[in-house]
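Okay, here's the structure, questions in a sec.
For reference, chains read A, B, C, D and E in written order, and residue numbers begin at 1 within each chain.
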Amino acid sequence: MQKGINNLIEKFGASDLVERRSGLSFITVDQTKAVAAITHLKDIDGYTVLSFITAADWIEDGKMQLTYMLNNPAEVAEIAIRVMLERKKEAGESMETIHHLWPNAKKWQQELKEMYGVDFPTSPGVNDSFILEGWDDMPPNRRDFDTKQYAEDTFFPRGGRVTHDPATYMREQLDPKDPQYYTKKKKKDINS
Amino acid sequence: MNEDRSLYPEHDENGKPIIDLESHKFLKLWQGPQHPGITGNMSLELTVSGDEIVESKTHVGYLHRGFEKLLERRLFVQCMPTSIRLCVAEPDPNEYIVSTAVEELGGIEIPDNAKWLRMLSLEMARLQVLLRGVPGQAGTFALGLGYQWGNYLRDLILDSFEELTGGRVYHMYIIPGGVRGNLPEGFKGRMLEKLKLIDEFVVKIDKLIFQNVVFESRAKGLGHIPKEWVDKYGVYGPAARASGVMRDVRKTNPYLNYDQLDFEPHVTTEGDVYARSVVRYNDLQMTVDMIRQILDKMPDGGDIRAQTPNVLHWKIPKGETYVKCESSRGEYGMYFVTDGSDKPRRAHLKGPSYTHANALLDKLLINANIADTAAIMVSLATCPPEIER
Amino acid sequence: MEEKKDKFLAPENEVRQVSAPDGSIIEVDPLKDYFSQEKPEPYKVGSGPVENFLNWARAESLWVLGFGTGCGSIEIPPLVTPRFDMYRFGVQMRATPRQSNVFIISGYLAIKTLKRAIRAYEQMPSPKYIVALGSCTINGGMYYDSYNTINRLDQYLPVDAYIAGCMPRPEALLAGFAELKKLIKAGKGHKANEYVENLEWYKTNQKKIIKDWNMPDYNW
Amino acid sequence: MDYSITKFLWSLLGLFIILNWGMLMSSTMRRVGARLAGRIGVPMYQPWIDLAKLMALKTWLSHGVMYYIGPVFRLVGGVGMFLFMPIIFGSEIWSNYSFSGDLILLLYFQSFGMLGMAMGASDSSSPHASIGISRGLAQFAAVEVPMTLAVIAIAIQHQTFSFNSIMEAQQGGVLNWTIFTNPLASIAGMLAMLGAMSHSPFNLVKAPNEIPIGPPTEYHSSFLSVLRTNSAIIHVVEAALFMNLFFGGADTWLMYIVKTFFVYFISVFVGMVFPRMKVEDSVRWFLKWPTAVGIIAVLVAAYWK
Amino acid sequence: MNIKKLLTPFTAWGNVTKDPVTIKDPLNERPGADRYRGFHRNDVEACVGCGSCEDICENEAIDLMPAKDTKDGDSGLRPMIDYGRCCWCALCVDVCTTNSLTLSNEYTWISTDPEDFRYIPGIDKKEWDNNNDKGWKKPEPNYEFYPLKRIQPSHLSPEDRSDSFIEMMHGYSKDQAMQEADRCVECGICTATCPAHMGIPEYIKAIRNDDLEEGLRILYDTNPLPEICGRICTHKCETVCTIGHKGDPLSIRWLKRYIADQNPSERYKKILETENLVSKGKKVAIIGAGPSGLSAAHYLVQMGYEVKIFEKLAAAGGMMRYGIPSYRLPYDQIDKDIDYILSLGVDIQYNINVGNGEGEISLETLGNDYDAVFSGTGLHLGRSTGIPGSDNKHVYASPDLLRWIVEGKEFEVPENVVVIGGGNVAMDITRSMARLQMKKYGKVGVITTALEGEDKMPADREEIDEGREEGCIINPGWAPKSVEIDSNGVPTGLNVVKCHSLFDSEGRFNPQTDEDNKEFWPGTMIIESIGQGMDISYLDGKYKDQLEFGPRGRVQTDEYYQTGLPWLFMGGDIIKGPDVITGIATGHKAAVGIDRMLNPEF
């Protein structure tokens, strides 16, 4: 087991350990203990590099997962800290900032605020727009944002395109009179 | 370099410069997005006093396409054409990390021949970037000659890519399960001929750039990254190696068959633009050597792809992984989450430019000359599409 | 009526009061002061042998704006370097829109870039031409379902020639320039006038997607 | 016909020839540079097409009066330099308006264009133009020092401020050229020339990598064509200046063309293989080496006489 | 100042002596590489319009547009590419099931009109259609986007099965079924080809999703006899399966059987939501409990009719029960399907023949008593070759023998048997006889011959191969000449001559034989299995005039199998086919026709 994991489990009550391969582990830490755990990993266990912070939206489970990827260059080991936030319907989950540990964390936090709506109060410039400009819809990376629908409504693709499903089209051609006689819908109608 | 610049502008107690634009002592200067001295479509909001930068802020998002969102609605194989466009200059690491993440979570073992071919395409991609990037560093100081020569050779490498993969810039060569073709007939011979030309080129740019007094005077001491910053700010690849920290995924976490190759990445301690270009220059030579080794060691033909399930409805069980490789700019990784469906739940690209171009660049540009911004950016090899994705 | 503050207006563009050296207070409205608000007029298209000669000159001296708006810009360096060398065809790169008359839209346009592209285009002196590269400018290409890239360039800017490909090779670009030259020599290179004549329509389309329209309608 | 009118017409013809030669020279140099890079380069006639094209573009932008006058000043600087320097040594009709103190006037005209540009650029409301021109003026001021020192050294050596006399003193063989008779002044002067020609490494003024194009950022269409006309003229005239001072002048048009080409080529020869220096570095450099050589040259010349 | 570093850069001027490396005429001099991914080409003859390219295209750049006539295995659609979307990744080429789609190495296309960039490769002629050797093609072998090899279900070895009538094919296990289902590209061409238009891709998808109840619902939408069809269907779908162009077609039949096998019969009603069927009060009579009759009964009872079946024999199933040996189709599986249909409320009367004779119920009675009559009486009479000696009593017709085997009727099994015929029924009787011989003598002595050559035999390939594994001699390409009969009136064997072609140049049946190349195959029993005939004598009488008869004595019907008599519908082998799935399809459609006639508002 790679360095630091025992500590995480014992001191910070981490759970759901997945050892993906040698030198890469995923582990869940409670939201309240996450920053302490990360600080511990950085200061004591040598995980001195923050590879990235990102999120994954588990809308079905009502969870917003934050992933902190920490790298220990000396041991060639990586730990991903998962933090499961309660997902809110209209964005606005909140998490403590870690920009005091790594200066560039503020950019990821700014990005998460913009793209996922996860707030990091006290992170500098977290409310500034980072990638998007003049965005007035829900944070686009949230799972319930339908990018295709948005694109079709906003950017109106070139029209005049139709396509045919081979099975339907063939049935229409081979059985031109009543190609749909077998379909479920019609039979249900009859049944009712 | 050594003058005392602390007097101007004054700083408040937090160490922030006090900038009053109304005083007319300062000027707001936008470098980009329409600007020849910027690495791609991004911009720097500079506050300058005379020729000196007192504050810098990186603005990105001009190339944002929402890749991570788009990948969430694509089948695993459909992720490939989309994700290779994450970084235009060097698309192959994108192909590699996405394919490998899919293979790892889907439990596919690729044939040995495909591993060698993947390495070949990754190293060729690195070579074509460095052929532009090494002389491009001098190009930012308006010495465009090496850049012109380098670009010609890059075109030759792109020709090889075209032969091997069928694409000039977007290769679509590495796909889940393996690669999309064996070496064409006579490829090795033609490649070795081109490498000979590159050997000549390496000597020529050494004379033109690294033996050049003006280049040396401008690049030395510029954009200095101390060793402590490497971890703190997240510096990767050649930039970290120029500051005396060994960072090369090929060496530290060998993937594919890199452990069978004989190579030693160059490490130096100066940490300035000159050191970074020297490290890149050595990388260029090393890459040429590695391609020779790969061509020498790789088997003559064989299986190119392991059989995957039907790609049209390939479902991968729930899991997450982080796959990384060494791009010409440094560690290039993909955080990939699957949820048991036929599409990824989350794909997050981690490119070195993200850290290089944001906090680090803002820091490095303070007190630099306007004329040096391009040089510092190029030396960090910032690539905007991988910042905003 | 209370004036609603535009939430997208950048702070430096807000109307503000500045004290002049003599102590008086002046109100500054940067949007009005920095840009010309005049509605543009279409220019006159001449005819006869002089115009033919000028068209020839325009065609043989294409100055391309160095603005890499998308992936396609990766194929511009090969064009100015030994392998393809477009200088010999009279195509040159310029660094500023004022001195350019060809705008290569190199692929997809994020909305943020579109805003800059519109400004750059409007700053170019007429007659000016747009060459659109790749699928993305025709019908959205790869990013047809992206929330941040446009689908059809012709809705926002007048396009003279499209080059198919993702991305088009340098040779295709050279062929595109050859085609553009043909158009100009035939006197068909006046899309800039179309833009001015249909300004309303273009502006409506542009404003539909550029939500933070904090610039004048037309600036040059 | 009145003498002054014929003189004017001859000068005009000379200007026309020099303008065309300047454009031909610039395309030639670009081709040489392209060949060095392995390219073919622009067609020989490209500058003329560019000029015609620029004329044909619509002008629809104004930044105020100085914005219009700037290019005119610039052109006046170039034409002025041309007018007060004899073209062909010993030829009455190609002597232009040279007079006994023309060298002093010429030094003045050298800065005239730069000042005009400064006025126009600063009025063009582009920060890049302002930064460019401030760099330009700083560097120009530094270049003037060794340049003036070299001119003073030559003036002392030949005891004259007249081009004709300086050229006359250099006749009768290659070894009579100033470059051999007064090598120190020549070195100072030639180094200053590298700055005056604004080629790499001393072209930060218009460095597109930081400040797109520099002072002329906002100039387009016919304004730009005026600037381009001027640059075609000024390259030849600057080259002719140094030719007259150090390379014995020209006694035929052929010699004129060969020598100006050669002198201009020196700056290209250096410029192609060096990156550009930062403006403070180049100021420092000019005030160091060329100035030192120039001072020695003046001292040596003063001692000798 | 370092003088060396001041002077070294000037060495770059050495390059001025070298000639430029610029390509002189880049527009013509640089064709794309051999593998270049340029513009699309399509071999429209090879393409079947399966739409896999459309499915895999992540840019939605491909539309399927009608371009040719639809025929079996070819949807008549061809891909249209939108170059406002395409990214030239060539996944469409790699996934192409027929390898017809390729990319050329042409890459220059400039237009001023953005609407130009759409075309149907191969149909809209382009200049790059002809440079066939250059450009991207699917890479060499072992590069497939879907497995080409079929997963074979386990089965009894030839030793174990050669003397037993126990079902020889085991069904798929879950893993096998999932793997096999995974190979489907969901083109749906099979759906159109299947006479019953079953929702094949949909139920295969249900297998992939491990939702077998949904699978069963999809099956019963179009086919009320899935257990039976899952075993003995002629699987026309598999012959057109697009995967079959490059590899083995999907085992659609075994997948269907997998769904049916995995659903226990007691849950059928719940899964299929047929627990409470409401009757509308109208009555339909069905003659014959074969596939078409059962199918019609199933759909009619679902639509709310009172249905009564009149069956001549003692058990339902028709040829499925009496014509197919139980090692292929065990009786319990037939019962599973039939019992479910009967449990829906279908009334059935056995051992009653419809006809004009004594103890028979006449069609007229049915026509009067019921609102509609569906007749699916099938083909029960064996056809004879008519060669000399074929009228001997030891020369049997295969339907009779097969029925006897099912009924358990005793008959003498000789040591040597000769079977004439190359169809599936011939294989059935061959292999059945082989099993009986094995039981009795411990060895097999069956010779089967057919007019057709080895490659043209109508029987399924696996039937032939399995028959050979079991020891039968299958020797196609011979024409029967005469039956040798000894003095006791018992045949001693069959004289055959080599047959080298079956049809003449105009496609008419006209076997060409080589009289010199002849053989004698010994056998004391000769079985003729060259097709079956129908018995529609019950139509005789007053209705015969109102019916129209077409070729081969078949009654002419409209597309709902309604005959000239509005209340009489006919289906099954006597109208179309012969095979089970066609019977089911006709029964289903006739049921819809009856419903439309009786309830015109639907």
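One rule holds for everything that comes next: a residue touches a chain if its C-beta (ideal position, glycine included) is under 8 Å from a C-beta of that chain, and two chains touch if they have at least 3 such contacts.
None of these values were measured; they are calculated from a predicted model.
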item: Minimum number of chain-to-chain touching steps separating chain C from chain D; value: 1
item: Given chain A and chain E, the chains that contact each of them; value: B, C
item: Chain pair bearing the highest count of C-beta contacts; value: B-E
item: Most distant chain from chain C, judged by the mean position of its C-alpha atoms; value: E
item: Central chain of the complex, centres being mean CA coordinates; value: B
item: Farthest-lying chain, centroid of Cα atoms versus that of chain A; value: D
item: Averaged-CA centre spacing for the pair chain D and chain B, given as whole angstrom; value: 43
item: Chain C and chain E: spacing of chain centres that average the CA atoms, whole Å; value: 60
item: Rounded Å distance, chain D centre to chain E centre (Cα mean); value: 89
item: Separation of chain A from chain D, taking each centre as the mean of its C-alpha atoms, in whole Å; value: 62
item: Per-residue multi-chain contacts in chain D, two or more chains; value: 34, 36-40, 128, 208, 212, 272-274
item: Residues of chain B whose C-beta touches two or more other chains; value: 28, 35-36, 61, 64, 66, 69-70, 73, 81-82, 85, 145, 148-149, 152, 170, 208, 212
item: Chain C residues counted as touching two or more neighbouring chains; value: 81-85, 88, 95, 112, 138-140, 142, 144-149, 152, 166, 169
item: Pairs of chains satisfying the touch condition; value: A-B, A-C, A-E, B-C, B-D, B-E, C-D, C-E, D-E
item: Interface residues, chain D side, partner chain C - complex; value: 30, 34, 37-43, 46, 49-50, 52-53, 55-61, 125, 128, 208, 212-213, 216-221, 224
item: Parts of chain C lying in touch with chain D, wherever the complex brings them together; value: 34, 36, 40, 43, 53-54, 57-58, 60-61, 81-82, 85, 87-88, 90, 92, 94-96, 98-99, 101, 125-127, 220
item: Touching residues on chain E, where the partner in the complex is chain B; value: 1-2, 4-6, 8-9, 11-12, 15, 21, 32-37, 52, 55-56, 58-59, 87-91, 94-95, 103, 136, 139-140, 142-147, 182-186, 205, 208
item: Footprint of chain C on chain E - complex, ascending; value: 20-23, 26-27, 30, 39, 58-61, 82-88, 107-114, 116-117
item: Residue ranges of chain A in contact with chain C within the complex; value: 132-137, 140, 145, 147-148, 150-152, 154-158
